[in-house]
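A, B, C, D, E and F label the chains in the order they appear, each numbered from 1.
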Amino acid sequence: MPVVVRNIERADRAAIDGLAHAGVATVHEAQGRIGLLTHHMRPIYPGARIAGSAVTISAPPGDNWMVHVAIEQLKEGDILVLAPTSPCVDGYFGDLLATSAMAHGCRGLVIDAGVRDVRDLTQMGFPVWSKAVFAQGTVKATLGSVNVPVVCAGAAIEPGDVIVADDDGVCVVKRADAAAVLRKAQEREVAEEGKRKRLAAGELGLDIYDMRGKLEQMGLKYV
Amino acid sequence: MPVVVRNIERADRAAIDGLAHAGVATVHEAQGRIGLLTHHMRPIYPGARIAGSAVTISAPPGDNWMVHVAIEQLKEGDILVLAPTSPCVDGYFGDLLATSAMAHGCRGLVIDAGVRDVRDLTQMGFPVWSKAVFAQGTVKATLGSVNVPVVCAGAAIEPGDVIVADDDGVCVVKRADAAAVLRKAQEREVAEEGKRKRLAAGELGLDIYDMRGKLEQMGLKYV
Amino acid sequence: MPVVVRNIERADRAAIDGLAHAGVATVHEAQGRIGLLTHHMRPIYPGARIAGSAVTISAPPGDNWMVHVAIEQLKEGDILVLAPTSPCVDGYFGDLLATSAMAHGCRGLVIDAGVRDVRDLTQMGFPVWSKAVFAQGTVKATLGSVNVPVVCAGAAIEPGDVIVADDDGVCVVKRADAAAVLRKAQEREVAEEGKRKRLAAGELGLDIYDMRGKLEQMGLKYV
Amino acid sequence: MPVVVRNIERADRAAIDGLAHAGVATVHEAQGRIGLLTHHMRPIYPGARIAGSAVTISAPPGDNWMVHVAIEQLKEGDILVLAPTSPCVDGYFGDLLATSAMAHGCRGLVIDAGVRDVRDLTQMGFPVWSKAVFAQGTVKATLGSVNVPVVCAGAAIEPGDVIVADDDGVCVVKRADAAAVLRKAQEREVAEEGKRKRLAAGELGLDIYDMRGKLEQMGLKYV
Amino acid sequence: MPVVVRNIERADRAAIDGLAHAGVATVHEAQGRIGLLTHHMRPIYPGARIAGSAVTISAPPGDNWMVHVAIEQLKEGDILVLAPTSPCVDGYFGDLLATSAMAHGCRGLVIDAGVRDVRDLTQMGFPVWSKAVFAQGTVKATLGSVNVPVVCAGAAIEPGDVIVADDDGVCVVKRADAAAVLRKAQEREVAEEGKRKRLAAGELGLDIYDMRGKLEQMGLKYV
Amino acid sequence: MPVVVRNIERADRAAIDGLAHAGVATVHEAQGRIGLLTHHMRPIYPGARIAGSAVTISAPPGDNWMVHVAIEQLKEGDILVLAPTSPCVDGYFGDLLATSAMAHGCRGLVIDAGVRDVRDLTQMGFPVWSKAVFAQGTVKATLGSVNVPVVCAGAAIEPGDVIVADDDGVCVVKRADAAAVLRKAQEREVAEEGKRKRLAAGELGLDIYDMRGKLEQMGLKYV
């Protein structure tokens, strides 16, 4: 059963970069409020906003052997996505693995477990979204798989899906949907810009979105 | 039952601003160690220290309709306080709502749920204390209430109560107690200043507070 | 039973400072992947990296009396380690106690409970690793002990043991092992430097660590 | 500030007993989906279903002195409600206190903290809803208050309010609302009985509640 | 996007019943240690052991409308599987819905949220595995979907997959794998029977599984 | 470093059995309110009350190899105590291991991780106190140690220490203290018996323990 899938398809690079620019909240809305990883996935430092193709890792608890295997499968613009096979907070990943991943084009790591050497990772500019920061070391004793479908932090992710991550968390976009979601995200951004100006000028959402009638009809009372 | 209370009383502006200056820990002590919201309420960025009058929102889980309703009730210097009617981490609030709230004088948001667009909110200087950062979108389908008493993160809050928030968390001061609490807070600050100097000079709390006799009498042994 | 042990042995100062330089992850690995405190122990601000001798405090929940007692026992280069006798998140420690502890040579605080005045502590450069930030005040009513063995955040700590703390968390090194662990940590740092260069140049861990044969033998399939 | 309020008003005994019979879920619905304590409040044994008047206790963490004080204030049919002043799981209450409370007419305990001697309490038939089962002992060193308003497990409770508790958890009914809520609860029970029969016979909620048109209009597609 | 898929394929009834008999731990092992839902999924009463075909529900937080829709899609031997679109503990399901589901052949409910009326459900013999017991009522305001792929409590589940649930928790078996997994589960049960007898007679796993040589070779020391 | 200590000392059998009879809460109090394991350690079924000598296991996350090694070290009346080297909820232990452990005199298992086959374990009458019930299978790939000091669920435990466990949780008594703690526990039981009768007769703790003066002196007001 342990397997490494070598050739995975990836989404169009321009679409991926466009999704990075849109950011997690907009992308999540644009694709119908789906695809978010759980809110316990937090960045190790603020300010990063990236997107890339998922190279997935299914790894046993406390065993980071498959990370080495996965790094060989990276292409420029990829993001490593690690889902442990049972709940774990160990530090699978640190500055040496980040050095190696960066050398192979990796843009960041999404891991439903722990990470360590966060000071070094911050200085290297290698962003990580994780469940925990924990120095606990791991072994290299049991196989896992690379580039198989995983459930990571509550979201189903297939290799080659687009991962978008920023200060709001992490969102996955199905590879085949990348272009369409980008289009909707951009439409949303344009629409929001107009609303932002009106709201900044003091207009109320109640009026812009014409909510007063509906609220009254549903029974809201002002006293 | 869904209701919006339009005219609420607020505490004196100078008292509110004085409480902001004193900060959460001092205010909490000054009023007898009461009024703190649970420790899971964390700021989205460090350094903010605010106080304001609570405009409260009781909202269904995953439904931010009442935030739009509440914004119309804001006056200069208010703070939005949102308590979901059941545990929820969804992102009720983002940069558009913050734009609108700021345009109506709002100083910040305290929400026992999630918030999103935190990078934008940070850049806008709109502080939020929340239970989670989560991009999960919400609907506008079910009514709630505005300016009713709520329990938010373990604290009972009435509309018009003074909210104090900083890096230590969030504290509520009953509206009618604002001036008295401020007075005690200022006395406390003065008293602490003197102690701080003595402690910095190496004097021990054991001596300053005359604890040695009591400790010995209660049975503390030095070996 | 409440007792204060006045004279504790400490490790060699140079060894302690060397361990600080190595950092938590390296020290933890160097001593055989032991000694970590639980991952819920987080720094109140990023960037601090310290080591020092543990002055331990066993304190009742919500009672910080023993902190005053412990400060008298501090020597230059010590770190306060507080373990509550039952789970607690109250704010045992703030800027006044930090002022006092710093005046007595204390390098920081490790507390399996809450801390407050974190803005002041940050400005003072007094680092704290805690389970929570919480302004909740404490009483001075019940005795505890100082410089007795404690279990703090899952780790057994004896007075005089070396505490190492940085952005990755907190690790304890037995006093008697400090020099040996430092030696291994330094060897590890040297070895890692070489690997870091090879990895940065694009060499794979699979090759550097000669993993391919073992992976194949255990049944890993590439497809 | 520490105070014991001796004479509190209680709701009508028949209304209280009627609410016990209706149970938590029905009472919660009957009063408009309010009043529930958080879901971490669990019974120590299954099968109990009680209601009674709240005698409230605000107690410091790890200090059960006020329980003794509260027991003197009990009347036949009361329920003790303990809210610690900060998060705590210590075992404030065991078989001796239960013996004493039962001798004074107490029907049970609702505590947002820990309880111990649960085997004995089960054999005595003294029901407890708590956040934890934990043998951790407490001290008698710091005052609290009895029969003051508290927030217990997320719900605002005043002395004399009606507490309803069963396997579904705990709900509070404002004292003045007891009779009205009972009436609505009984109407709800009657209405549910009819629906239960139709549903048991295989009729669908979709038809009984006439939902199909609304669902279609909102855009639900069958494929 | 809200959709109800009416005709789903189900696994062979005999295979399903065989998997129920084998139980969660054996099925999980037989299919290669995959398919478990998170350990927070607990039964509302002990002793139930069931298997059935998943009728899946993707529902908004605090909104149980889609449960009514799903019940119409049930066939004899099915199990309802509800995954909220964001974390939620509300009580989506109680005795009326259970009455309706049972009338349509439902064997139980698996819900990554709350359930209520657990005393009634226990008496009816309708088993539920849930994240919480909570009486919190829900609304019927927003659409979701029925019989679409979901991630429930960390496991990817497709409609028609086989759900196995007992006191150990919940496991999912891909529909197409049901027969093969059953075969392996039965082989495992036979093999375990022999081992159980030898172990009961005092033979050691160290000898039965021939572990001594491997342990020694890896460096285990006896002192 | 991986080591098995073969000959450990155990406490006197009669003292151990006496401690079992006294139970967790009494033993914990008798030894000065120390020794409790965290409250997340819960029994898999109610009613068991045992004591025995600890045979300790330090095991990697998700790896139960050392359980087999430990079983060979069991003597009649022992209790297995497993502490994972990092947080883990996997099911290290099920009915086969219980069969083996029982054949070697084991009275139960205390594990700061998961357990499975709980229905079988219940029927066999093999009690377990654990952090989780979870069917997740484990591997046999990495060494650990047997009969070394561990920190299990927050308590420091040495091999041969006495473990007491019942419905209230788990407590450890230092081997050398067993007889003395038993004596104090028995004195406590005698003293409690007298108090229980007085309390059952309606006497108040306020009077039995003569608390009224102290309460008044500290400032408690009755209104």
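Assume a contact is a pair of C-beta atoms (placed from the backbone, for glycine too) under 8 Å apart; a residue touches a chain by one contact, two chains touch by 3 or more.
Owing to the predicted nature of the structure, the values given are computational and were not obtained by experimental measurement.
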### Query
Over half shared or under half: which fits the residue numbers at the contact of copies chain A and chain B, same or different?
different
### Summary
Whole-angstrom distance, CA centroid of chain B to CA centroid of chain F, is 42
#### Entry: Inter-centroid spacing, chain E versus chain B (mean Cα positions, whole Å)
42
### Message
Need the CA-centroid distance for the pair chain C / chain F, whole Å please.
### Response
28
#### Entry: Residue list for chain D, restricted to those that touch at least two other chains
33, 36, 39, 85-87, 89, 134, 136
### Task
With chains as vertices and touches as edges, which is it: line, ring, star, complete or other?
other
### Query
Among all the chains shown, which pairs meet the touch rule set out at the top?
A-B, A-C, A-E, A-F, B-C, B-D, B-E, C-D, C-F, D-E, D-F, E-F
### Query
Can you name the residues of chain E that touch chain A in the complex?
1, 32-34, 36, 38-39, 85-87, 149, 151, 154-156
#### Entry: Contacting residues of chain F [partner chain D, same complex]
23-25, 28-29, 33, 36, 39, 42, 46-47, 49, 166-169, 171, 192, 195-196, 199-202, 204-206, 209, 211, 215, 218-223
#### Entry: chain F to chain A touching residues, read off their complex
60-63, 85-90, 134, 136, 139, 141-142
### Query
Where on chain A does chain C make contact in their complex?
2-6, 45, 65, 68-69, 71-72, 89, 91, 94-97, 99-100, 102-104, 114, 116-119, 122, 132-137, 140, 143
